[in-house]
Structure formats: structure tokens, C-alpha cells
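A, B, C and D are the chain letters, set down in written order, and residue numbers restart from 1 in every chain.
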Amino acid sequence: MARPSATALAGETLTLAHTPSREAVAVTRPPSSGTQALLRGWSDAALAAEVARAIPPRSVVNLGIGLPTQVAQYLDPAASIMIHSENGLLGVEGRPTEATLSPTRINAGKESVDVRPGAAYFDSALSFAMIRGGHVNLAILGGMQVDVQGSLANWSVPGRKLTGMGGAMDLVTGARAVWVMMRHADRSGASKLLERCTLPLTGAGVVARIITELGWFRPTGTHFEVISLAPGVTLSDVGDPALFRTDRVFENASRATQRADEP
Amino acid sequence: MARPSATALAGETLTLAHTPSREAVAVTRPPSSGTQALLRGWSDAALAAEVARAIPPRSVVNLGIGLPTQVAQYLDPAASIMIHSENGLLGVEGRPTEATLSPTRINAGKESVDVRPGAAYFDSALSFAMIRGGHVNLAILGGMQVDVQGSLANWSVPGRKLTGMGGAMDLVTGARAVWVMMRHADRSGASKLLERCTLPLTGAGVVARIITELGWFRPTGTHFEVISLAPGVTLSDVGDPALFRTDRVFENASRATQRADEP
Amino acid sequence: MAVEHEAAEAPGGSRGQPVEGHGAPSGSGPFLKVFEGAAQALADLHSGAVVMSGGFGLCGIPECSIAELLRRGVRDLTLISNNIGNRGKGLAQLLKSGQVRHAICSYVGGNPDLEAQFFAGELTLELVPQGTFAERIRAGGAGIRAFYTPTGVGTVAAEGKEVRAFDRPCLLETGLRADFALVKAQRGDAYGNLWFKESARNFSPLMATAATVTIAEVEELVPLGALPAEDIHCPGIFVQRIYQGSHYENAIEYPILRSP
Amino acid sequence: MAVEHEAAEAPGGSRGQPVEGHGAPSGSGPFLKVFEGAAQALADLHSGAVVMSGGFGLCGIPECSIAELLRRGVRDLTLISNNIGNRGKGLAQLLKSGQVRHAICSYVGGNPDLEAQFFAGELTLELVPQGTFAERIRAGGAGIRAFYTPTGVGTVAAEGKEVRAFDRPCLLETGLRADFALVKAQRGDAYGNLWFKESARNFSPLMATAATVTIAEVEELVPLGALPAEDIHCPGIFVQRIYQGSHYENAIEYPILRSP
């Protein structure tokens, strides 16, 4: 996109702007139990800060409910990042005080928020026109499962709980880049990064990046590329070596996934 | 439509609200040349006033360029009729003074206008959502030709002039009722009310009423019902007796046209 | 034929025919749209009606109209609303009282009543991706019969739907309409022009366009001309009845404050 | 796949690919969107580009951007605009100078230059019903690939188009996009938020959503926060560049005054 800025926005030249430190990737692979791995890596706060640092300046970003919402408080104000909330608000910034709390000023998680100068309110049709039309540079969503194809399941556990997809299907379809931010394993200790999602999909082949407390990952079509690991985490902590690799040769990557790799 | 008002809006119960005086229809049919007829009937001002009187109170009305625009100045303010202008304005009322003239306050004919309290401005997508969605009760349009099927041609004379359909096709499709307001004959003296339009259509089977300087007419599918005639005009003035009738039995009327006849 | 034409049909919804003397109460003011309160404005909202309700969670919900539905006890309602209430409030009250037969919505997390009734088979449910939900309502109000969207391809949202390839595969989705739309705005005038505060706008201006009868409640009924003509969020052409409500709770699900 | 996806293609239009260091000038301010003037903002608008231009007749046209196109002499333009100027003004100037190859528009009465060039075969023309024109642009900007509308059935506007029956027959119409959108607003801020005066809004907010690069000119560039957040007609997310124009003529075709 012919934008005036020399610096890319998220979703345009992702790999330039997203610069987690590669030197953190361990070269040795000491044995480690899965349970141990759950205790390693970034705290929630550190994870949110890590994600915040990775967002290119001047991006429009939609933050999902839960972990992703915490990213907002770690954004550098100088980066001029605009937070889009699909309930009809662009320019979320921080929390209100007792004095400025307004029941009509909420984010998509139905939490009170404040807005920055330059914010705008609009109706839901325009809000999703922004999303579906490719105007939101980046969506950072929570996840239940992500697979090597970049497919995401984050809305339904059949028979167990009824929630609804909300805006997630629109976001994974329309945002110019989708990052999934989640814990590496579920409560039972099972990895949420899988060869193939078993839960109902939110979208197929939509995820560009995954960040967990253990590190940054990229679905390639055949496996997860380990882009970087959190301090103290080793490659063996993240899971099956057949599924997690550090190489950047992707024989069977889909066209879409290959494009995510292009600088 | 379950509206609170006991009085119908245009397009809802047209025949109740539209009450031109029937006694004006002549019972005798003296011979009269077509040329003579052109000189008879309502003046432009009287025609506009006649149409203005026929519009049900509280209707939302779109007035086409030319003759229909003149209707605005004869509306009874107590009737609370809202004039819609498809360039993005609802609530046109009158003309500005030298002091209130604004180049950004125009109607679809690109003429300066004033607005009444309660007026609203909006973009073109919403303006045509109003039209296409059936929210405009009545469109009063100019015409080049109308036929017994209620088809209208008012936008193109192939090879002679290039204009474009503008909003006319949307209006005839979406407005809940369409009236055509035009001179009875063209400059060469040929009737503009025909058995079959020869010019490119604006819409097929869309016209509920036609008013010319000679009277009110309704396309029935097989002929034009003469609803009423202007003072001094006789039935023979309006055209071929096979095409213009006063009876209300319509053997071959299309379903759509029949519905226009239902009270 | 333009004299009467039906707009896109909602699943289970219908565009009403003109009805004369059908018992609807008359409003007052030059446009006969202003009603005394919810009881008068909703008098003809009948059991079995298809009802749209604005609001995102509890933000911007038509509190007084919902209370009136509860009071009148109309049953077998089809509700079209993003969340069908939240945490037992808003439309969730109509779930508890067993007044809802079918719901079309997008997100129902935090709505245990709905969850329980759904799993008990007491109501049926259509879950729609939120952007498609908004767009279907806009289409219903704008006379767009159907549209192609890429959202939901390859998911359960695509089940039973036509898929067609443009630059990418898309689903065919149809316009959605209702018998009644219930919306709440901060300010409104006698013509039904509405202005919404902050993010309370959400689905309300869309729903207003997509119902046979749109009933707006406002915190402040202001004189004609008091709302700046450029800044009206929902022009009164879409609103058939308006009343000034009272005793607004304006609940907020998660009132999180700044860390000191 | 969300990393890069193309939106609906315009006839002859394209959604540009990300281009690094491709010569576009940088803006200033926190969002790098504010440009000094038309020359800087339009520096990369090239011959052969697909260009949308707001305005209804002469009302709300981007006067300064049009003047810059004229000055630069870029050629073979595809113009998407309701009227392509009027009475020799606005975009009609680009007709006279022979810079237009194709036009997509709705109404061209009062545009003798267009008429003459069309009949002389000097440019090609696509006439679109005005509501369909607006909706196609909105769809292009909103990621809706195509939609079904009843407008134009049974007319020349239906030629070559798929007809499908819903409650009534409808035409399939596709989204429309452009390389550049040129719009003019009364007020705007450094993020590109826009506010339009009276009926000057018309197609501009829609076009802003449907172009790879939207360039807004404003009469008043105001500080961030000066526009009330509820009353922004075009949020800045849709605007890539903004500059304050000058010397606006704001012509009006028919300045009819009240009879004394």
C-alpha cells in the first residue's frame, strides 16, 4: 500500500517491523518435562509488554478479550498506535478515573475505558467495515488452539459452553495480520499449538504469529517456526521437535503462509 | 405498516389519502384537437399546487428535478411533509436569503435550499438506503414517457443526449409510491402517455399515478384510468379513448397494478 | 412495482402490511411520533413478534422498552440482539421469564440464562459472526437483499450457505428485518432524529432502519432543531415512535478504573 | 489468510501491494499523515491511476487536488465520481485537458465536455444508478465483494448482469475500489478524522473507505480532539494523507434565493 510513512504498519511488512530478539533461541535442547515448561517464560505482564513492543508504530490494532487487552497498557505513546474496539470505538487509551468513568464508554470486553484525542465513535456496521475492509492492520486475539496451517479455534467447545463467535470470525478474516496471544498449554497441560485444530474453527489459515509465555511462533503449513524464545526457555520446552523448528525452509507451506514470510 | 398515525402516509394507503376531485371528470366527450389540449388545463403553478394538496400529511417525499421541484413551495406547513433530497438531505424547506445562502446546502437539482428544524444531512449510502429500503413514502418524478404498464422512461434519448440515470432508477425501485408529473405531450405535440414506452426505461411497472396539466391518470396494465381532469378539460382532450378510460374494471391488469388499486 | 413492495425477509421476520385502524395508539406533535411512555409506544407489540434490540452487552440497551415487554408478558418472541442481555440484565430478563422462543445473536458469553435454556431445548438460537450480524441488519434496512462476505468461510458459520469465489471465497448472507426495533439514544427530537453517546450507538442506528416499527426511547427529548443537522446519527425517517424514558440504570459490566 | 488479502477489485482498479521506499513523501505529525499541500500529497498519483473523487455536482469537490491533477498533467485516468464535474468546473477541467480515459459515474447532465468526448469516442463511460454507485463504493470499502439490489432490473443497467429472484428480481453488483480517493471536508485533524458541512458530505466518506490511498483536503485543519468524537463523519482510519487547502471557490450551480 502506497502510504506516506517509510515505516511499515502491521500487516503490511510484518517481518520488518516485528523484531523479537532471535539470539534468545537456545541452541541446545536439554530434556525438559512439559509441566516444567508451563512454569517458565514470560509472566502475563512481560508477555503483554513483549507484544506491545512488537507492534509497528501507527498501526490500528484490535485487541481481543482477555490477555490481549492487557497489551494496551504497555504501548509506547510515541508509537501513535490506535486501538480499535469492534463495539464502535477507535482510539482506546487507558482506564477512566472515578470522575471520568462513563457507562457508555466501553471496549469490546465491556470494560470501562478512556479514549485519546482523535478518537471516534461509530456504529457497528462501520466498525466491521473497518475490519472486513482491511483497514485494521492487526488483530491480536486469544486462542484455544492454533495449528500449523495457521487455523485458529477460539470460540467454541461444543456441548460444554455456549459463547458465540462475536467478532472473532470477522477479525481473522479482515484484519491485515492476525496474531494469537495465549498460554502455551491448556489447564490440563496439553499444548494449544497443534498439528491440527480439533475444536470448531474461527478461521482457516489466518494466523501470522503466535506468542505464548514461551516465545514467538509462526505457522508454516507443516510445523511451527520458532522465531524466538522467552528468556530461560529452551527449544525442548515448547513441544514436539517435529512440530517446532527454527529453520526457515518450508517445503509444504501454503501460498498464503508463504506470503506471511515475505519481507 | 403498523404506524401510530391514523392517517396514511403516501405509499401506504394511497387511494385514501390522494383525493383529487372526481366531479371534474367530464361526462361529455366533445371533439377536440390534440393541439388545443396542450393549451388547456393547469398552469405549472396550479399543477404544482394540485400535486402538493394530494400528498398525505407526514409523508417523506423525494421531488425530481424540474416540474416536481416546484411542488415544494405549495406544501402546507401544517402537513409536516419532509422532503428528501438524494444528495444527502432530509428536511428541505424553501429557499435561502442572500444572508443564509450556503454553497454546501443544495438539493439534488444542485439548487440552493433552506432546511427546516429537524432536518438531517447524511452520506449518499445512507441516502439511498432510505430510498432502496422503502423508507421514502413517495417519489414525484418528471417523465419523458409513461405507458399503461406503469413503466417510465425519463433519463435517456439514445444518441441525442447524454445525461445518465442519476438516482431515478433507485427512486422508482425503492420509493413506496411513484408519481410522474409532466406535461401531457412533448414539444412536437405527441402524447407522453403511451401504450408502450419506446425510450430506454427507468423502471418497468413502477408508476402509481401520473399527473399532467390535463389531469390525474393511473396506469392499469391495459390503459390509463382517468381519475380526474383539470378544470375545462374533457376526456377527449387527453387522448385516444381506447387508452384513456374512466371505468375501474381492469381485466388484464398485472398483479402489481391491481395492488395499487386496492384501498 | 413501487406502490407496495416487500423488503428482504428476515428468517421468521416479515415486513408488515399497512394496517388501518389496527389499534396502534397515536403519537403527538407535528409528526405524531411522540409517545408518553413505553406502555403507549409498545401497546401493539404482540406475542410472536420479531424484535430487534440495540445494545452491546448492557451498553445502550433500551431499558424502558425491555421493562415494558417484561411487564406485558408477551411471549414467543424472536429476539435479534448482539448479546440477548448480559449477567441477567437487559434482554436476559425476558429469558428468565420464558418469553423468548428464538434468538439471533453474536456473542452470549456471560449469559447463563441463555446457555441453560439453549441446552435444555427451551429456545432455538442462531449465532452469527458479529460483522455479518451488523451487515445483515444494515442490508435489511437498505433494501439490499443479500451480499457476499468472506467472513465465516471454512467454519460452522458457512453451514448450509452458498459459497462463491471472488478474489477469495465468500458466503451469501441475506438481509435481516424485524417487526419492531427497540433502540435507546441519549437525545432525540419529535421527528425521531437520534444522537447517541459514546459507544452506546453500536447496532441501534442499523436496527432502526430494518424494522417495520422502530421505537426509540431517549434520555432527553429535545426540541426540533436542537440536534445539529450534520451530527444526527439516526435520521428520524427510520423512527416511527419516540418517548422519553426514565430511571436509567446504565449498568456497566466491568467498571475498571485507572491504577492510581 | 489475513496477512495480505485483496479486497473486491474495481473494474480496472486494484488494491495496491505494500511498497517500501516507493517515493511517496512522508507526512508530519504523530501519524505522519499531514502534508503541506496538494503537490506533496499527490506526488505519487500516476498516469493510469483509478481515482475516486467526492462531490455532488460542484458541492464538496476536492478543488485543490483536482487543480493539482490538472497542473501535473497525469493522463489516462479512470475517474469514479458522481458527475465528473459540472458546467466545465471540477473534474470537467480534466476532460478538457484530455486526461481522462474512462469514467464511472451516475449523472452527467450539464457536462457538455463529457458528452462531446463520449460521442467522439475519446473516452469510455460506465453509467451506474446513483444508489448502486454509492453502494458499490461502500461495499468496496467494507470488504463486501458483491450484493443483490432490485435497482435497475428491466433496464439497460441490467445488461450483462446476473439476475436473481429474492422477494423480487435483483441484480448482482460488485464492490468498487480505487487507487486513490480525493475528498474534501470542512474540518479535519492530524489523524485524518473528517467533518463535512451540510450536504457537502455525499460520496466522500464512502470513497475514503474504498481506496488504497485516501487524500483529504480540508478548509480547516484542527487539533486532535477538537472534533467531537461522536460526530466524526469519516474516521481517520480511512484517510492516509491530509492537507489544508486554500482559495476555495465553493461554486454553486443554481443559487436560487427566496422570493422577497
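General remarks:
Assume a contact is a pair of C-beta atoms (placed from the backbone, for glycine too) under 8 Å apart; a residue touches a chain by one contact, two chains touch by 3 or more.
Quantities reported herein were computed from a predicted structural model and do not represent experimental measurements.
Relative to chain B, the chain whose mean Cα position lies farthest away is A. Separating the CA-averaged centres of chain A and chain D is a span of 34 Å. With centres set at the average Cα position, the gap from chain B to chain D is 32 Å. Taking each chain's centre as the mean of its C-alpha atoms, chain A lies 57 Å from chain B.
Multi-chain contact residues of chain A (touching two or more other chains): 121-122, 125, 128, 131-132, 173-174, 203, 205.
Looking at chain D, one finds that residues 5, 7, 135, 138, 142-144, 149-150, 196-198, 201, 229-230, 233 touch two or more other chains.
Applying the touch definition to every pair of chains gives A-C, A-D, B-C, B-D, C-D. Every residue of chain C that touches chain D in the complex is listed here, in rising order: 5-9, 135, 139, 142-150, 166-168, 170, 174, 195-198, 201, 228-231, 233.
Of all residues in chain B, only 1-6, 8, 11-14, 16, 58, 60, 78, 80, 82, 84, 90-91, 115-122, 125-126, 128-136, 139, 150, 172-178, 203, 205-208, 254, 256-257, 259-260 touch chain C in the complex they form.
Interface residues of chain A, counted against chain C in their complex, comprise 85-89, 94-98, 101-106, 108-112, 114, 121-125, 127-128, 131-132, 156, 161-170, 173-174, 200-205. The touching residues of chain C, counted against chain B in their complex, run 1-5, 7, 15-22, 24-27, 30-33, 35, 44, 138, 140-144, 179, 189-191, 193, 209-210, 212-213, 223-225, 229-230, 232, 235-238, 240-241.
Interface residues of chain D, counted against chain B in their complex, comprise 56-60, 82, 86, 105-110, 114-115, 118-119, 125, 127, 129-135, 137-138, 149-157, 186, 196-206, 233, 250-259.
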